[in-house]
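Heads up, there are several structures right after this.
In what comes next, chain A is part of two complexes: it sits with chain B in the first one and with chain C in the second one.
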Partner chain A sequence: MEVDNEGETEMASLELEDDDDLTLEQVLEMMEVAWLNEKFAPEILPHKREIVELLLGQITYLEERLQQLPSTDFKKGIHQMEIDRLRYLLTSYLRLRLEKIETFHKQILLEEEKRADENEALYLSPKELEFAQEFEQDLEAHLAANMNFCPNWQESTATERIVQPNLNSMVFLKAKKDVEGIAIDDGKAESSDLIDLASGSQVLINYNNVASLVKNGDVHLI
Partner chain B sequence: MFGEKAGNLIKELSRCENVLPPYNTDMVKEVCAEIKQLDDLNRSNGAIVANESGLAVNSNPLYPTLRIGVTALKRNVRCLIAYHHNRLRILRTMRWEFGSVLPADIKVNMSSEEVEWFCQYSRNLAKYMRSIGEDGLNLGLDLRPPKSLYIEVRCLVDYGKFELSDGTVLLLKKDSRHYLPRTECEELITKGIFQHIL
Partner chain C sequence: MDPDEVEFWGEKSPIQIVPTFNSPAIYLIGGDVGPFRATIPCRVPLWVALSLKRQQYCKIIPPEWMDVDTLTELRRQEKAASSSFVKMPSEHYMVEAKLLLGGAADDVPRADEVKTIVKDIWDNRMAKLRSSMDSMIRNSSMYAAVDNLTLMEINSVRPILPHALNQLYRMKMVKRGLSQGSATLTHTRTAVSFTGS
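And now, the complex of A and B:
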């Protein structure tokens, strides 16, 4: 019992960074939500830059702390495992985003341009945007190298080559607070039903109807 | 029949899932030739249809031929783009599986343009990964959620000495078994030096 208590307090002190308002637990919770949303949403979501940076900082900090522990300490293994889990969460999140960026790069770049024109917040981080632009250039160069024998192939297929996510795919979600009056649009213009979500309820729903709720954080995907 | 060769090209690709079939230079050339032939045909037919101004355009006897020619041309172009694009997608998956250096047996199946694209892609990806955080984050690691800290691996080749991050030096011989921290051997597993024993 005594050993247990000692272990717990030490773990708690390891996890808390002094100069920050958020505990690791809170950061982790936000990261998990962001990760799940990104994983299940068909389209790319706004980049959670603050959370990613916080978690990265935490990982570095924890790793430094871990270096100081003697290698014979049995807690070292447990903490190492914890750090590995954090790192997996983070890399997986960024990988999911990259995959979406690559698949829908044209669509995403067009939307980002529109957002930039209207002075809205961009969904991609600057580095991701750079990546997307270079990816597009390389792809176009590769296709051009193989297709340039054929006159105006680029213009005639420009719209056909835009890959778009299926925004009408079904997603499971959980409501974080009461949301009222979600219009269920089943494709027919005149018949739109309204539904209310109670906090904590789980539903299977068309993504298109709840996209804005996912982005503002009232619901999260599971 | 128009469009048949292009269709075969796509079929060949979709039969090999996650494996890169050899770049079919001959077939691609044939499709290109067909596209050129169709283009010429459409141009001459189009000129005739436009010149016979006495008739309404869509009652001209040549009109159906022209329509078929244009559709076939479009289809061929689209198949050719799809062929090249989807090969890149397979290569992209392989970048994540094998890292930036591809095994020789895959390299022989790539066209020179694809080799170039792959280098560009790797470079772009590496640049992105370096930019995360202060000193970069390797997204190529931690591909699977960690289940346990240590894993059992078998060494498949005579690798020689291998230093762990805590300074211990191991001698890796063919068929030797080791019980190592997962983070240390992940890279060697993707390179094919270790085999993970489940």
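And now, the complex of A and C:
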């Protein structure tokens, strides 16, 4: 019994946003970049649902096929290791997002509402959205039940308690293509310097200046 | 990022091995490896190489730069360039050196010397990195090119450098707010006192 790349033929035909046919290898690379971005961006980024689901499906598929391999086959160990590496990548990615949702739940929910009103693509997956809403309800219920000893609690409205990510935090990034005219906000004055990035260059910079580039994929965080 | 996670990325680097077995190609998600023919070198990711090595299925051919002469030259260049960083032959030189010298030291010629020189280079670069961090914070600049720094090196100044700069940025914003007399900073918090009362 061979574990082969039959899966690849069905996966390769799967089309992502760009209408490009992607190999699994490219999907994996996209996942790795998504992980790095999510890890270092202060705010939550758009969910890479297609990639996550595709790779999760691939894990299940491979594991089923691995069952059929005799345990003496040395290839089994290699395949198992790759599955473990992949699973680590995916779970770590999802955990990073959940951490952000727990910390910034209110702000994230407000932004998602705004996006829904304007018919923009949501950043959270349906399950994450459900988690965020339940988390918020439970937290509010908990606080309402336990914070009555605090005299000003009732008066302080929920909007005052919103935890916001620091979008001005400094991040390291690597440019994937040439990018021109990034404004540097050094915090001193309104006038700001412009810089150009050559493909492959690495810089330490304020996240706010490059957030849109991270989201459109011209640069990635490291 | 945890250093183990940096290692995780480093383990993806390709490396040459000489297998001691025959096998058709293995189709991995990250790209196919093999086919393996005994004594014929082939390229695999580092994590595959180390796993095979542990089971004594292969010999690892160390990367070209992992050689005493090349490294000595690199060390010289690194010392000569007092204010900049030399481009390393590998984005993950430290991870590769650590893993290969740990798991396949018998395949690296003059492994002890290699280890010493890599450590020298690392120490030299870290010293430079620390002094540039120092001057960056003194000038409170909010942008720095970090070309030629490897992931492990960048990671070693995290979170302290970005964090320090974030605080500086906050202080600057406060100053800007005050000088313009804007009302951005009216949100003041009264300190809570736990003594007396």
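Odds and ends about this structure:
Keep in mind that, in the parts below, the second predicted complex is superposed on the first by the 189 of 222 C-alpha atoms of A that agree within 3 Å, B and C clash if a C-alpha of one lies under 4 Å from a C-alpha of the other, contacts with A are read in each partner's own complex, and residues count from 1 in each chain.
Here, a contact is a pair of C-beta atoms (placed from the backbone, for glycine too) under 8 Å apart; a residue touches a chain by one contact, two chains touch by 3 or more.
Here the structure is a predicted model, which is why all the values come from computation and not from measurement.
When both complexes are overlaid on chain A, the residue A:N146 reaches chain B alone and has no touch with chain C. Within the superposed three-chain model, A:R85 lies in touch with chain B and with chain C [touch as defined at top]. Looking at the shared chain after the overlay, A:M170 reaches chain C, while chain B stays out of its contact range.
Of the two partner chains placed around the shared chain by superposition, chain B is the only one that A:F135 touches, whereas chain C remains out of contact. Once the two complexes are overlaid on the shared chain, A:S71 sits against chain B while remaining clear of chain C. In the superposed model, A:L98 makes contact with chain B only, not with chain C. Of the two partner chains placed by the overlay, neither chain B nor chain C lies in contact with A:D178. Contacts of A:E120 after superposition on the shared chain: neither chain B nor chain C is touched. By the touch criterion defined above, A:D196 reaches neither chain B nor chain C. Residue overlap on chain A between its contacts with chain B in one complex and with chain C in the other: 77, 81, 85, 88.
Interface residues of chain A facing chain C in the complex, by the touch rule stated above, are 3-5, 8, 24-25, 28, 32, 39, 55, 58, 62, 74-75, 77-79, 81-82, 85-86, 88, 166, 168-172, 184-189, 193, 195, 201-206, 222. Against chain A, the residues of chain C that register as touching in their complex are 1, 8-9, 21, 23, 26-33, 47-48, 51-52, 55, 57, 140-149, 151, 154, 158, 161-162, 165-166, 168-169, 172-173, 176. For chain B in complex with chain A, the touching residues are 28, 32, 35-36, 39, 74, 77-78, 80-81, 84-85, 88, 92, 113-114, 116-117, 120-121, 124-125, 127-128, 131-134, 137-139, 141-146, 148-149, 166, 181-183. Residues of chain A that touch chain B in their complex: 52-53, 56, 60, 71, 77, 80-81, 84-85, 87-88, 90-92, 94-95, 98, 102, 127-128, 130-131, 134-135, 138-139, 141-143, 145-147, 149-151, 153, 156-157, 160-161.
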